[in-house]
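In order of appearance the chains are A, B and C, and numbering begins at 1 in each one.
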Amino acid sequence: MLAQPDIAALLITLKLAATTTLILLLLGTPLAWWLATTRSRVRSAIEAVIALPLVLPPTVLGFYLLLAFSPDGPIGATTAALGLPSMAFSFWGLVLGSAIYSLPFVVQPLQNSFAGLGRVPLEVAATLGARPLDRFISVVLPLSKMGYLTAAVLGFAHTLGEFGVVLMIGGNIPGETQVLSIAIYDHVEALEYSQAHWLAAGLLLSSFLVLLMIYSANRRFHLMKTA
Amino acid sequence: MIEAALQLNKPDFKLEVNFSVPGRGVTAVFGPSGCGKTTLLRAMAGLEPDTTGSLSVNAEHWLGANGSKAVEERRVGVVFQNPSLFPHLTVQENLLYGRKRLRKITEPIDLKELISSLGIQELLLRYPEGLSGGEKQRVALGRALLAEPRLLLMDEPLSALDQSSREKLLLLLEKFLQDIDIPVFYVTHSSEEVARLADNLVLLANGVVSDHGAIQQVLGAVDGELSRSDTAFSMIEGQIATTQLPGLICVDCGAGIVLQLPDSTSMSGFRYQPGSAARLRIRARDVSLCLEAPQRSSILNILPAVIAELAAKPHNGSRIVKLDIAGKQLLSKISEYSVRQLELRAGQPVFAQIKSAALI
Amino acid sequence: MLVLLGSSAYAYAETLNVAVASNFVAAMQHIKRAFEGNSAHELRIIRGSSGKHYAQITNGAPFDVFLSADQGRPRRLVEEGLAEESGLSTYALGQLALWSRKKDLELDRDYLSNTSNYRVIAIANPRLAPYGQAAAELFSSLGVESLVSGRLVMGENIAQAFQFAFSGNADLGLVAYSQTESPNLSGQGSVWLVPSELHQPIKQDMVILIDSAAAFEFSSFMKSAVVRDILLTNGYLLPEATP
């Protein structure tokens, strides 16, 4: 059965996935909107940068984050100058790593959803006197529910399974940075196979329940209806 | 007054227009497909940011030396070709979308009356998804009007509809557009719509205005682009006559002129009220001339007329002849050969035979 | 006799797959050079964590010799019948070191016990790595477990613990002494070699997994004077040097 540290790992994992997803949805919205509507020449370059985490091995990302967090790295120096604790081995360090790692999984569905609306609904709203932010909130958001759903599910699921980045920068601190994927790995390493099985099952079950809730809500409230 | 001097360069098209029309009534923008009518409308609405030049609408400067007013500041109502109702809002919410955003409501419109005159009172709580094309356009029109626009732009609002919906909506527009106090720009490639709706006419071809002005004046320009084209037409105003002949609709055009047309009630489903106003479009090519009154002809409408003016030159073997029928203007397009044969000249009395006329 | 002569006449050069615990790899490179200089056979070194190696061996990985970081895993292989008891031996004794990348620090037991000296100290996970286990034992010997717990960060293995310290994210690291001797470091940082009495001996065992002449030759070579020299110069103690 699940021991206390394992339950803590489960909770940390869920907290990490939820926090990362929320932050990415908030930050990803203006970014995806800009990408979907801009005519700027740098758009392709930005899109390529955002897609980089898709091809970069997570351990590589984690390794460079580790260097960045160190006292003479850019992030470490900044946090020290601001009087903040180092991001290495901290929950918020994991959030940063996860956010970078899962960024394209959130931004791309949002961008596609926004672009798929076409310019007509926005032009209509403008002729009816709606200013840009108003247009976004009253027209784009309601019609992008499917995009948000996809982005949230992908971001959440991707972070749940994250291993490589956490492995490099987590430090395996129980209750703080010891996530499920690491805990399972450690059980395997320590030849504690039955605990590994229990944890993996717990992870699968909770993920399944979360996804089930989301898809059921979608059915009930017709979130996917856009026509 | 609506004064526009607009330039817009797009990758495959160049718009350069210059016109001035009254700030009241319906101005039709007429031209073939691809001539830039939609682009012009979009430029006037402010939807084409690269537009340069100037535009003022009843003393409001929308584009000029001081810059360009943003779309949302322009108080321009637009009815697009495809209704573009917001799918996530009910009809009622759609209708009120613009109105909610007015900083102050200067004209207390009777909502109920507007809704019933548009015939959409049954639809208020429904979503756009299940509505017919005609219903959607009526909602779109209501929505645009409720936002108290300074100018109403309509981009071929009937072209996406089936024949019967088109007919119904055209009837509605005929009455409606005259009642509202807002200037209307109505884009179309249908001469019938122009004839039935327009007070003023702007002719557009290849992104350039070839003529503009009051409708009869533009139609009657015998040497103009329109006259030379295949779509030259005339517009005649009249009233549905009180006495009717079986199988026919009679339109009294004043001064003893009564035009008769086959009754198409069964097709459109609309009963014509005697005494109600009607406008007829008569294609120039459907009008032929005789020097003597023809006898026992199958053509229903044979009217005495005087030749007011001939086009200076023939075009493609035809020439436009402008007729005066008791003060009303009528165009006839006949072969150059006949012009010479019959030795037609201004002032000559003739008989005009009108093969068919589009009505209601 | 004749049979033996016959078989040696037909003996051919083998390549041995040797699974080596990460912490021993540097020393193993030297051993490989020495062995191949004296033998017809070749060694292929597969580095990794001992836990992974164990799991792979039990699932049929083609390793011929397994040099573990601990004693437990080779023992289990013998218990599970995947290796002979006779092929089991201790090949080295690890030493624990306290290391910081800052130079000129006087690192010793007092420095370690005075937890206000540092914010973060990295060790290998005691559940997974014998050096981590030794570090835990060290804290216990010094009586500083509770003081250290809030400052503790665990690496998956000794290499990661070292990485934390080397990058500066951890102020101190309890690592393998052999890592601090590495030429890659070129003498950077400060080090304290932890006296072996303060923790249980870090016995690193090896086990032979196949019945071949080459494997036995290698196993014997590991007890030779050449290898003993290599062990000492690389920061390990000789297997029998138990306090």
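Just so it is clear, a contact is a pair of C-beta atoms (placed from the backbone, for glycine too) under 8 Å apart; a residue touches a chain by one contact, two chains touch by 3 or more.
Just so it is clear, the structure is predicted and the values come from calculations on it, not from any experiment.
Chemist: Tell me, which chains sit next to both chain A and chain B?
Modeler: none
Chemist: Which chain has its C-alpha centre closest to the mean of all protein C-alpha atoms shown?
Modeler: A
Chemist: Give, as an integer number of Å, the spacing between the C-alpha centres of chain B and chain A.
Modeler: That gives a centre separation of 55 Å.
Chemist: Please report how many Å separate the Cα centroid of chain B from that of chain C, as a whole number.
Modeler: For chain B versus chain C, the centre distance works out to 91 Å.
Chemist: In angstrom, rounded to a whole number, how far apart do the mean CA points of chain A and chain C lie?
Modeler: 38
Chemist: Once bound in the complex, which stretches of chain C touch chain A?
Modeler: Per the touch definition, chain C meets chain A at residues 49, 51-52, 54-55, 73, 76, 120, 122, 125, 127-128, 152-156, 160, 163-164, 167-169.
Chemist: Tell me, which parts of chain B touch chain A in their complex?
Modeler: 45-47, 70-72, 74-78, 80, 82, 84, 86-88, 97-98, 101-102, 129, 143-144, 147
Chemist: Contact residues on chain A for chain C in the complex?
Modeler: Residues of chain A touching chain C: 66-67, 69-73, 76, 86, 88-89, 167-168, 171-173, 182, 185-186, 188-191.
Chemist: Within their complex, state which residues of chain A touch chain B.
Modeler: That would be residues 120-121, 123-131, 134, 138-139, 142-143, 226-227 of chain A.
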